[in-house]
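Next up: some structures, all given as structure tokens.
In what follows, chain A forms one complex with chain B and a second complex with chain C.
Up next is the complex of A and B:
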């Protein structure tokens, strides 16, 4: 069965002990850690689907990696989850903090309606079952940026459970084979964010800013259905696109609005799952896949050398490019979960169960929210494929690159050229230039209008394909001029005068009788030589195919 | 367990009076079993059937940094000062916001 092979290996890649070039080696772990599978309060080890036991070939080490993710997304709302202070990224320290956020005695949590709606919408978009009754709990731990000493979360009965997230990865040498994958979603829950701590090691103190304390978070728990860094990174990217399309979170990793923790373990195919480690502090899209792959390799190396994997929490050090253990996470944390006594159960309704005469401000109708769901990325991509006949992998690239889809659509609005041409120019030429100079779409020197005009000229056959590329280069460099200006300046227009071209053809043939004889003798390359000569005569302003037709016509007459 | 309880309760279970007292206490607690709780969901709070109020998403609080900072023993430039938190090995010299949640 082909499926299991793909399931535990990143497309056709087997995890083999590899020599990775990294910084200081960590001491070989003394076998002190427990070998238990480490069930934590919230997430549990998923059922491993049956994998056909393959005997590892002699001398070859085969490993399967299992990756689960816990993703925290900051809800895009005006005020915080349980208080009326503002949610904003950059602000003077402790200026966006209410008495409740500072956990002053006598304050109580008051649930923000917008956050609940955001959670329900996200659950619906991810095919989850929405729990009509969900409960809030307290998760206790001591840390300076958690003034109350506990975080209000939903451990027992979260707002949404059992969903799925579909994503596609491109494989193959040219990355043009699209494989569709799914990862199950264990649950989505509402919880509070903590404040920020800045470590001042010099003066041995920590500075606390509570602006972020109490901001609403959606924790999305993905089951360990992924098998490598690339799959995890792609799934996270798709989730980002969905959250942004819904408007429930801006999901900007750079601003800390999307944070990912990974649970990683390795095992030999056919054997039970290995001990898992948790890697925290994965806050960069660029390093997500790297960090996960590093940890997988580290675990494989450790086990290959006879060591043991400790059920510990590690952090990814961006500078060193490796994962390091977190000192304070040794041993199990007892979070002493208790029901949040200040919040009754959260009840949601659908159109059937909506109580009559209820205050609309005080009730949330799941069906109404479902109807109001905006278009999801997968639907947008499908529409692009249907409307413009583009390949699925192209639609993936268009949506993946920030601002590219809008650029493409703006070009389409102003041009008469065929969608396939536009797609090709945007994805190959335009994107190629952007990547070469490491620019974002918003920083592009070429506007959609300029590209549209250029493609119109090409479509009208006013210029040749090669000339168009030259014009594009010039547009990129100069920025100010229009395509028409560049074409006339550089005399790149195609010859429109048929008679003149015919005369040139005649003249060229008369000047080179040898080549004509060669052609008549049946030498196929002679025609190309002739075409080349005519082109030179026209100063490269004639389309080779047109020249060929003309020559052939004249020769046969 | 008994030793553990002894230490916690500071009661010596050695003597017969102590044992008798304990037996009486257990008998009182046993009366709970007289209540039939089949099919009844455990209660967590007597406010369970109250309506959970939903607040509109408006900014109505905040902007009281000065007031809040007055509560703190030590303050540095509008930040609360706390003893050094737990940091991961090896020492990171960057200001990475750390949250163990």
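Up next is the complex of A and C:
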């Protein structure tokens, strides 16, 4: 099934809810085939021509979607949240499992300091209130990848609450209108990750790998302030950038370091919120928006057909491109939360409340962490705009594409060309080539140095823009050569000899007196013809602008 | 040798009057001779003898230990030998006991030995299979109060592997020999005088109170008004935590596993039905009931509130000038087996724990000290309860009491036979170097 076309009203899309005319589409007159009261019939307003379009789909413009997210980010730390076993991606199965992780009786949880710091830093970056006292709880359920039969989490009193995440989406035909949005953060909590189940249907068995069991997670809960897949995907991307800038999580979705669950419902504007479904384990950036949009569409269709939405858990089938019901649950799960008795309340301090003579190993100072926060993406983007005069949407793209900002900065280091030129080349030409071949920045055959050198040649007017584009193409195709080599191989250098060019101009004019005549008569196209002729004579090694200047000069003398 | 205190034995070992292997063999021999008591499930004879060998080596050089429960490790570090695991229900530990509601003090009272429950947070629970995490404490069973203090001295202290142990440095536990008790105030909780208390125990309790009084101590009646709620409160909290702690026994990572292949759920259910006995299953089912979302507020939270009230009862009493409380440990001497099985476990627990479990809820230190033999010739012990983290003071009072009552410690044939020759050369003024 192809991805469904959006039919409801998402502010980022072309159909904006507020502007939809709910009245008859076809002008003020009554629709065809129905003559109503006489008064209308006597209306002096000219009826607009009826468009022979179909009637609008029932309720097309009358739905609003509500999307909330629960995002689990694996904390970047050396060891797990409550035990000393290491955290590594793709280690041999069950090679990073301590007695505690395997739930051997008698083992006790010991809180990992680095994980707490990661949670506080993330909370600060997301404008949260940090709870100086937070508590740990047990959430019980039976599953093979949960050895203890419960997960240690923070249900009653999490470490951070009430924050916000700002993100920007680009709208408009050229997607160059930047709209700033905010989504509220309900809370951030520390919790354990579970192990991994690998289902072997062939042998009717399930294999359990506990390497991941007990790894620290930050659960970030986003309030249902988003209204479509694009907004959700953009918010997630921004959170990823923040986590990566902080270093608190590598947030790589492909490696399972960032997992998203979406809570989705639809309702008619003005009416209460609809029943929501939970779509779990959206683990691909590419499919996040698609999955959410599909579910929204599914719910709308279901309701329009007189059906009802079940409060259920669904997952996204990537191959089919649709959501499917996930757990067969008769009745809801009761997690039987109780306080975790082996962990005292987590107490955090700030500079004002820090007890005198406290062992720095044993306490965490929120103010100190705040001072040490690295630069956040929004600040980086602002700096780019200020420093290089680029447009906000450019700074968005630079940060959104993995590795692109670094590439850009490396080019800037080695070139004298104007920042605007560099921006344009990186975002248009370079990025264009990448996208065409579906490559990541890291896979680019063109290095920052090569592009810098090319831009320098352009800047020095050693080559024309057209030539530069050709050189770039060649660089892309055969990574080994330098721009200078390519230029000389293809003889693309601009003529530097002014005298020679002047002579050529002169000669060309003498060879084509007719054109010169036309020009003097005032024919506007004649000059271009002349320029073209001179260019040809120079084997395309002269800048048209320069030629034009020269010709005009010669003509006027 | 086996009748001596730990310090005396330790000194003898150091002085070479007896070797670890010889001592070990004596213990093993005694175990064999008393096999009919069925005190040991497992006798790790080979391990013990090997450890004895290693111990002999260690008297000469240093030692780096492997992983174990912290308390076991601490004892091993001090040169103790693990003789084996003793016979209790599958979730209690051996002669290092564990005390959740009285399970160290009760058997101690019935067997005529000292049973100490230290303050919660003083001794690491790492490696202790948990029953109720917020009440469990490793318990210490010894022949005399001095030995209990010795062992406590080894075991107490912060353990980074147990986040519920206190960080404050622990003082040593060498007990002074109290001679003057005139500054002491002993509290007698009136709510502990229950109709089910046997007349023999009651009279011993009375006798003990009078003993303190006659030696100059102040003995007063105090009130712990919420005592009558403690059994029910304990029931709710204990079963709730048990249900949680037992959730890990699914047969996947270790232990018994049923050979059911229909589904994971089916395997779990069968494994757990087979692996747990009736008592444990009953506790799990009740516990899960209490922590269901719809019941949590009315049972679990309520019980926590009542627990706070019970703990406050003790705080109030200690704040009013009482140093130590004196109570019975058990309702009566040990009940014969045929008598015992007439009631179900829940009733027996309720009866058995009546004097001991409020202490666990309050996290206080308590010790059962044997006082006298009943008319049937069975031991009866009394319990002393102290302030939180005042374990040393508690044991000091207990030691004085022990000296006063001179309980007839059991003398087995073996002990009489072998010890005399070794101890010919004086041990009267043994120096207690660690």
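We adopt the following convention: the second predicted complex is superposed on the first by the 495 of 557 C-alpha atoms of A that agree within 3 Å, B and C clash if a C-alpha of one lies under 4 Å from a C-alpha of the other, contacts with A are read in each partner's own complex, and residues count from 1 in each chain.
One rule holds for everything that comes next: a residue touches a chain if its C-beta (ideal position, glycine included) is under 8 Å from a C-beta of that chain, and two chains touch if they have at least 3 such contacts.
Since we're looking at a predicted model, the values are computed, not measured.
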- request: Look at the residues of chain A and decide whether chain B or chain C touches more of them.
  value: B
Message: A:144 in the overlay: touching chain B, chain C, both, or neither? Say first, second, both or neither.
response: both
- prompt: Just chain B (first), just chain C (second), both, or neither: which does A:102 touch?
  reply: both
- request: In the overlay, answer first, second, both or neither for which of chain B and chain C A:344 touches.
  value: both
- prompt: Now for A:208: first (chain B), second (chain C), both, or neither, which partner does it touch?
  reply: both
- request: Go through the superposed model and pick first if A:336 touches only chain B, second if only chain C, both, or neither.
  value: second
Message: According to the stated criteria, A:174 is in contact with first (chain B), second (chain C), both, or neither; which is it?
response: neither
Task: Classify the contacts of A:111 with the two partner chains as first (chain B alone), second (chain C alone), both, or neither.
output: both
Message: I'd like to know which partner A:326 touches here: chain B for first, chain C for second, both or neither.
response: first
Field: On chain A, positions contacted by chain B and by chain C
entry: 102, 104, 110-111, 143-144, 204, 206, 208, 341, 343-344, 362
Field: chain A-facing residues of chain B, complex
entry: 44-45, 47-65, 68-69, 71, 74, 76-93, 95-101
Query: Which positions of chain A touch chain B when the two form their complex?
result: 77-79, 83-86, 92-100, 102, 104, 110-116, 135, 139, 141, 143-146, 151, 193-194, 196-199, 201, 204-210, 256, 280-281, 315, 317, 324-329, 339, 341, 343-347, 361-362, 364
Task: Over in the complex, which chain C residues touch chain A? Could you list them?
output: 69, 125-130, 132-134, 160-164, 167, 240-241, 243-248, 250, 252-254, 261, 264-265, 268, 288, 291-293, 296, 300
Field: Residues of chain A touching chain C in the complex
entry: 102-111, 138, 140, 142-144, 147-150, 204, 206, 208, 334-338, 341-344, 362
